[in-house]
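Pasting the structures here.
You will see two complexes here that share chain A, one where it goes with chain B and one where it goes with chain C.
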Partner chain A sequence: MSDQPTAAVTAGETFLEWFTADERPGYAGYIVPAERMHEAAEYLKTRKHFDMLTSVTAADYFPEDRIEMIYHFRRSTGGEPLRVKSFLSRENSQIDSLVDLYPGAELQEREVWDLMGVRFTNHPDLRRILTWEGFAGHPLRKDWKEPFYEEEVKPFKSRWPEGKFVRAEEKNPLGDNTRFPAGFDPDTWVPDNDDILYKSMTHVAKAGEDGFDSDTIIVNLGPQHPSTHGVFRMVARLDGETVVDLKPVMGYLHRNHEKIGERNTFLGNMPFTDRLDYICAMSNNFAYALAVEKLLNVAPPERAEYIRVIMAELTRIVNHLVANGFLLNDLGAFFTPVLYSLEEREFILDFFEAVSGSRMMCNYFRFGGVVRDIDENAMKMLKAILERLPRKMDELEKYLTGSEIVRVRAEGVGVLTPEAAIANSASGPLLRATGVPYDLRRADPYSIYDRFDFDICVRYHGDIYDRFMLRLDEIRQSIRILKQAVKDIPAGPVITGKPQYQVRVPAGESYGRVEGPKGELGFYLVSTGKTNPARYHVRAPTFINLTSLAGMSRGNKVADVVTILGSIDIVLGEVDR
Partner chain B sequence: MYGLGILKGLSITLKHFIQTFLDDLKRGKSRKKTPQGIAYKQSTELTGLFTVEYPEEKLPVPEEFRYIPFLVYEEEGGEKKLRCTSCGICSKVCPPQCIYIVRSTDPETGKPVPTPAEFCIDVDICMNCGLCAEYCPFDAIKMDHDYEIASFDRMKHNAFDISRLAKPVSYYASIRPGNYKIEEEIRAAKAAAKQGAAST
Partner chain C sequence: MTESLNSPGVQIPEELAGQVAITTIDRIYNWGRRNSLWPLMSGLACCAIEMICTAASRYDFSRFGMEVMRPSPRQADFMLISGTVTKKMVPQLVRLYNQMPEPKYVIAMGACASGGGPFKEGYSVVPGIDKFLPVDVYIPGCPPTPQALLNGLMKLQEKIDHQALKTDAHWYKKEGSAPIPVPVLGPDLIDLRKAEQIRQSCLIAETTPDEGGKEVSHE
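Showing the complex of A and B:
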């Protein structure tokens, strides 16, 4: 299945006549009237086989009275995404929810409602998701200003050259940096959103078989819980030990990365992307660089392309080692397997440090290339790593995959069907473990992945064990790509043009995406020709993969929920952004 | 079944445990607190214990390693002369904007002088991205290797001013010999070109 031809989506394809092409310079895709968006999605799904709604977002075009809803549709057989937009007014922004057609829109629409204030009619559970119920305003709107607001965009003139040094705490003392809606008193406020949340969950009361009345109970797993890999909360309704319903609650690590991104310069965002999924900084850099390069219309030189692929694949290895290690942690193999994985990761991090200067927060990619070359010593390091890794992978596999404890706990648990995975917009290992051979490196190729000989890994059961095995398979494929890349890498410059500290990016929009280790990582950017992006949206793979969590957990035991979450492989830096 | 899996798992751990000691015995005294021992721990040949005993043992950092920035000064006849011209590019490119510069003015004429009167970095905010060093046109600000900057009172100590930031060129050459060499070559070539242009 891996050598499936990719279908060009928009070339020569026609849609209904009320799909008007977006002809603004720098823009692409189609515009449909807001009231017909649902109809359009139905048409695309049933007639045109766009079965995945990859990304749902909105952009505020203040001071114009316009909010644009931006949808990216994909086909699970491959090809470019189809971008469809709807224009809404800022005052009364309302649009039909697409959750009934694409369940994968659920969390994304909640995010758009929370941050952009677009109301989705017929959404089953439209609550705020990243901020808290009672938060004043919708922060991604351009006229929303944070407390201690300085200026619209960086560099803030208030800091230089007249500015004397002011400590950040003095400006932003703890406990005094929140703003409340009118008439809101935090001291007397009783949060009712938890009640709403609990009531929204399927409630089943039943009489016990032996004549006793039994009831279901609500259990909160997290936010402070070692199994949740960060501050993440799962609200589960349990019948005995069996999960009847489950809802993820997130936002505890929310810092509005997107608003920060819109204040920052294009270049200044690069180190911030490291902090999204802090295990895979290089992949994040890669996706963002691709998005900006599309706008700038520059291409990196040959050598830089190879270096990028090397870095992206090493990141994939790092991520899968960590993910599998911590999954075993969740299974109860406390910290022994994960430390064996981390040992191997250590070598790769040393290599990152030697090349980029930092082990995790690499900040290595630039628009049109990379910061610096891989020198000879580092290349030797890389070759030694590639020599060691396959050997160690065999060892890890021998220890773990045959282990009956792993098999008993993981096989047949947390099953996700391919239909559900596609409907939930899942991507990455979560999707491929269900038997859908969908990998952007082949389905919608970018960079120079078409030159390498590798297989798209796929497994067919969709359970925890398959996701675990799939990650091991992918490490082997990554090693395969790396060996080819190291062999073929040409000499030459690593950046196109002169490095500039303030890039002027032509007006337009772009969507740059990579097959990150965790799934499709995309950056949707809107530029107005200034030094800062007007809209900066991150399509975070783990955030959207969490849509599948409830379905996978229902019917399983509460102890398995922990491993199911571990097998999705979330990083809260990215989920909460 | 019947607990065999647990026994198998424990035997792996035990094997690693014994291997560590065997490895230690084989390598004898050179394994701890010696440069060879640390180099071995960073090599892909390693089989035994991975960890180093910080702070007695420290892993060497690679040349490109970056931490908090510092200002480079030249020593000419005992006088410290900062390379910084207070152009402000570093403070503009800094993503969290943790660099604060005040330009010097000539006390007599009131005109600006290309040297900073104040240069402050709030290291609580600095994210060690290295963009300031990358885009400085005068090679005046560089990323340090000294990662041990813990202090007892961050309110007092974590805003670095010129006295804390300024470090001599010789220090820079010692931590980043490769970069220093390349930069000096470029500077020499530029100076030669300037002189050539002046003499003709």
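Showing the complex of A and C:
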């Protein structure tokens, strides 16, 4: 194994003197003045080689008059993230946009503006992203209350211990999940007609060769469209069939994960994480458990660590099977190859059901372990899967990878350069297919991944075909890890201490992350010592990977855009949260 | 399927069984409809994955004549609301429903589509598609297993079996059925059927400021 478990890269490193260390108990990182944030980012990028801006988020410290901007910077060569913060006032929250330095901040800053109401100066396209233009207020502010608001934190008294539950609709005068600002008149309301969106797109009218002037047209793909893998919308400006510009529009599945998460107890969030990326429930559990364990300072027992790795790798296999199957759907092989993928997936889901009780929404991880052991029968199932899967992968590969249609449609299409991928904060297969061997399992190891012998898969062309092949490679590597894990798994308890329903989490902040099947999946938590997180943010890999979509699509045909989107492999539950 | 096509109590000679059926117009009409229910291809969230699994080889709902997923609402018989309905998405769903030809049905798959599910308290979630569309079958589960979905689909078939042309086939009535007004995205989701109520509530709110009210900001 090439790399040592890295100590904090920030240790022993000196930054400019106006970087003040965050010395609040439980906190880490540096604080810079808000007006110098842009300067700080430029310094980190050019002098300190932090070339990726992994995550941009904000936390509201109401009733104090403070909103904190939290940035996580990473180096594409590996190591721990560097956390840099800036304090803003709640009334006039404004900060320089970092999009010119890190294009990967574009969607994330729009999200912070939308949900937290922080205005980014010099942002090229600061519109709402998860809610819609015209939405009243910024919902993640602590003093903003939803129409069905009951109490600040769960468990709500109406349900427990008294248990006199009233339907929320009955309490709302409109009998619905809506509330309107005072003085609002529905008759005079003019809804957003997407004019700003359409005008923000590159527009080239040109004189055609044959003497006729030609113009570009706007085409909307989605949100109800078979190619979009859920409720996602792409607005494309087309010149003939060629894409001139493209903008993703999302939020059609925005189900308030973070707002609900901040009302939930720490453990109560676990089943919600299942529903983020609903194909990979187990790795979502994993990242969230790691984040809370950092605050609690507990470590799972040996057996639980192995079980976690087994689950995470099986999830990776499931995800890549599904991703590749549906990519072939998008290529026109409608619903035949995906049946083979789903067949293999069913075996793994059966195993998940045997250990956790549910096929998809496993809710299996706990803080300091997992909820129950893998018994003998389930272990047999797992061994049978590992016996069967390599054969089936060979079969799949034989039929598909050499297929002329797949190669013609996928090779050289939707190319992403490594420079662009890093600048766009891409992660996961999207990044590794461009030739950057960046995988958190090695770059910033967690759990017990340093014990296993496996390769980080890399491909070098950055096109659709490479992403497809990279996923097949990764399935083989996951099988390799699984075989070692099944062989070495020790006996013993699967959870540290007594299982608890209500955990008291010490005050502080933490960022837990895993190399999810789709990329770096991170959870940023702030605890104030209460039973619920004060801030709960999900760094969703596919949301950030979508930043690269427009660049990859420009110049390609409409039919290719569908496959390019398929090769990024998005899940809307995670994109929109 | 001849056994369900024949009216009960009618004896068909053995040599003609399978070639001749004696039935009522209601029965043959419903027999035809219930065995070729085409769903609208529309996946919303987690439940859509289980819907795909139900369509795939292991559970295979083509056994019930439902495999022909139609991407166009014009060719669909029923709409499977497979996941959380958000305020941003509901105008599109209502529009799709309006575009479907009669007779049409709606199935609410899973907790979210039935009543908001775990996300009910969220600010941008519609607590159940039945706030807008008439739902025929509710399927519990989060997500429902493929078996549960199959059971729900069979319930829909049963419902069709019991519809009589004379009394229940409102789609043959002259006046037709009125489309459902498409909701509008305002400061919150505006259900146009409740416009008057909304105006009234905003007038009241103006005179007595609500402590827990949203901060109003229009950027």
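Going forward, the second predicted complex is superposed on the first by the 542 of 577 C-alpha atoms of A that agree within 3 Å, B and C clash if a C-alpha of one lies under 4 Å from a C-alpha of the other, contacts with A are read in each partner's own complex, and residues count from 1 in each chain.
The rule we apply is simple: a contact is a pair of C-beta atoms (placed from the backbone, for glycine too) under 8 Å apart; a residue touches a chain by one contact, two chains touch by 3 or more.
Because the structure is predicted, anything quoted here is derived from the model rather than measured.
J.: For A:363, select first, second, both or neither according to whether it touches chain B, chain C, the two together, or no partner.
T.: The answer is first: A:363 touches chain B but not chain C.
J.: Answer with first, second, both or neither: which of chain B and chain C does A:502 touch in the superposed model?
T.: In the superposed model, A:502 contacts chain B only, not chain C.
J.: According to the stated criteria, A:346 is in contact with first (chain B), second (chain C), both, or neither; which is it?
T.: After superposition on chain A, A:346 lies in contact with both partners, chain B and chain C.
J.: Which partner does A:404 contact after superposing on A: first (chain B), second (chain C), both, neither?
T.: After superposition on chain A, A:404 lies in contact with chain B alone.
J.: Mind working out whether A:387 is in touch with chain B, chain C, both or neither, as first, second, both or neither?
T.: In the superposition, A:387 contacts chain B only.
J.: A:194 contacts which: chain B (first), chain C (second), both, neither?
T.: neither
J.: Just checking: does A:355 make contact with chain B only, chain C only, both, or neither of them? Give me first, second, both or neither.
T.: It touches chain B, and chain C stays clear.
J.: In this superposition, which partner touches a larger number of chain A residues, chain B or chain C?
T.: C
J.: What is the contact status of A:271 with respect to chain B (first) and chain C (second): first, second, both, or neither?
T.: Both chain B and chain C are touched by A:271.
J.: For chain A, which residues lie in the overlap of the chain B contacts and the chain C contacts?
T.: In chain A, positions 168-169, 271-272, 343, 346, 361 sit in both the chain B and chain C interfaces.
J.: State the interface residues of chain B toward chain A in the complex, per the touch definition above.
T.: Interface residues on chain B, with respect to chain A: 1, 4-6, 8-9, 12-13, 16, 42-44, 50, 61-66, 86, 88-89, 91-95, 97, 99-103, 118, 120, 122, 124-125, 127-131, 134-135, 143, 155, 159, 178.
J.: Provide the residue numbers of chain C that touch chain A in the complex, in ascending order.
T.: 41-46, 48-50, 52-53, 55-58, 71, 83-84, 86-89, 92-93, 96, 112, 116, 118-127, 131, 142-143, 145, 184-192, 194-195, 197-199, 201-203, 205-206, 209-210, 212-218
J.: If we count contacts the way the header does, which residues on chain A are in touch with chain C in the complex?
T.: Touch list, chain A to chain C: 117, 130-132, 134-139, 141, 143-150, 168-169, 173-174, 176-187, 189, 191-192, 223-226, 230-231, 251-256, 259-260, 263, 271-272, 275, 278-279, 335, 338-339, 342-343, 346, 359-361, 572-573.
J.: Which residues of chain A touch chain B once you look at their complex with the stated criterion?
T.: Counting only chain A, the residues touching chain B are 154-156, 159-165, 167-169, 264-265, 267-272, 333, 336, 340, 343, 346-347, 350, 353-358, 361, 363, 371-372, 375, 384-385, 387-388, 399, 403-405, 499, 501-502.
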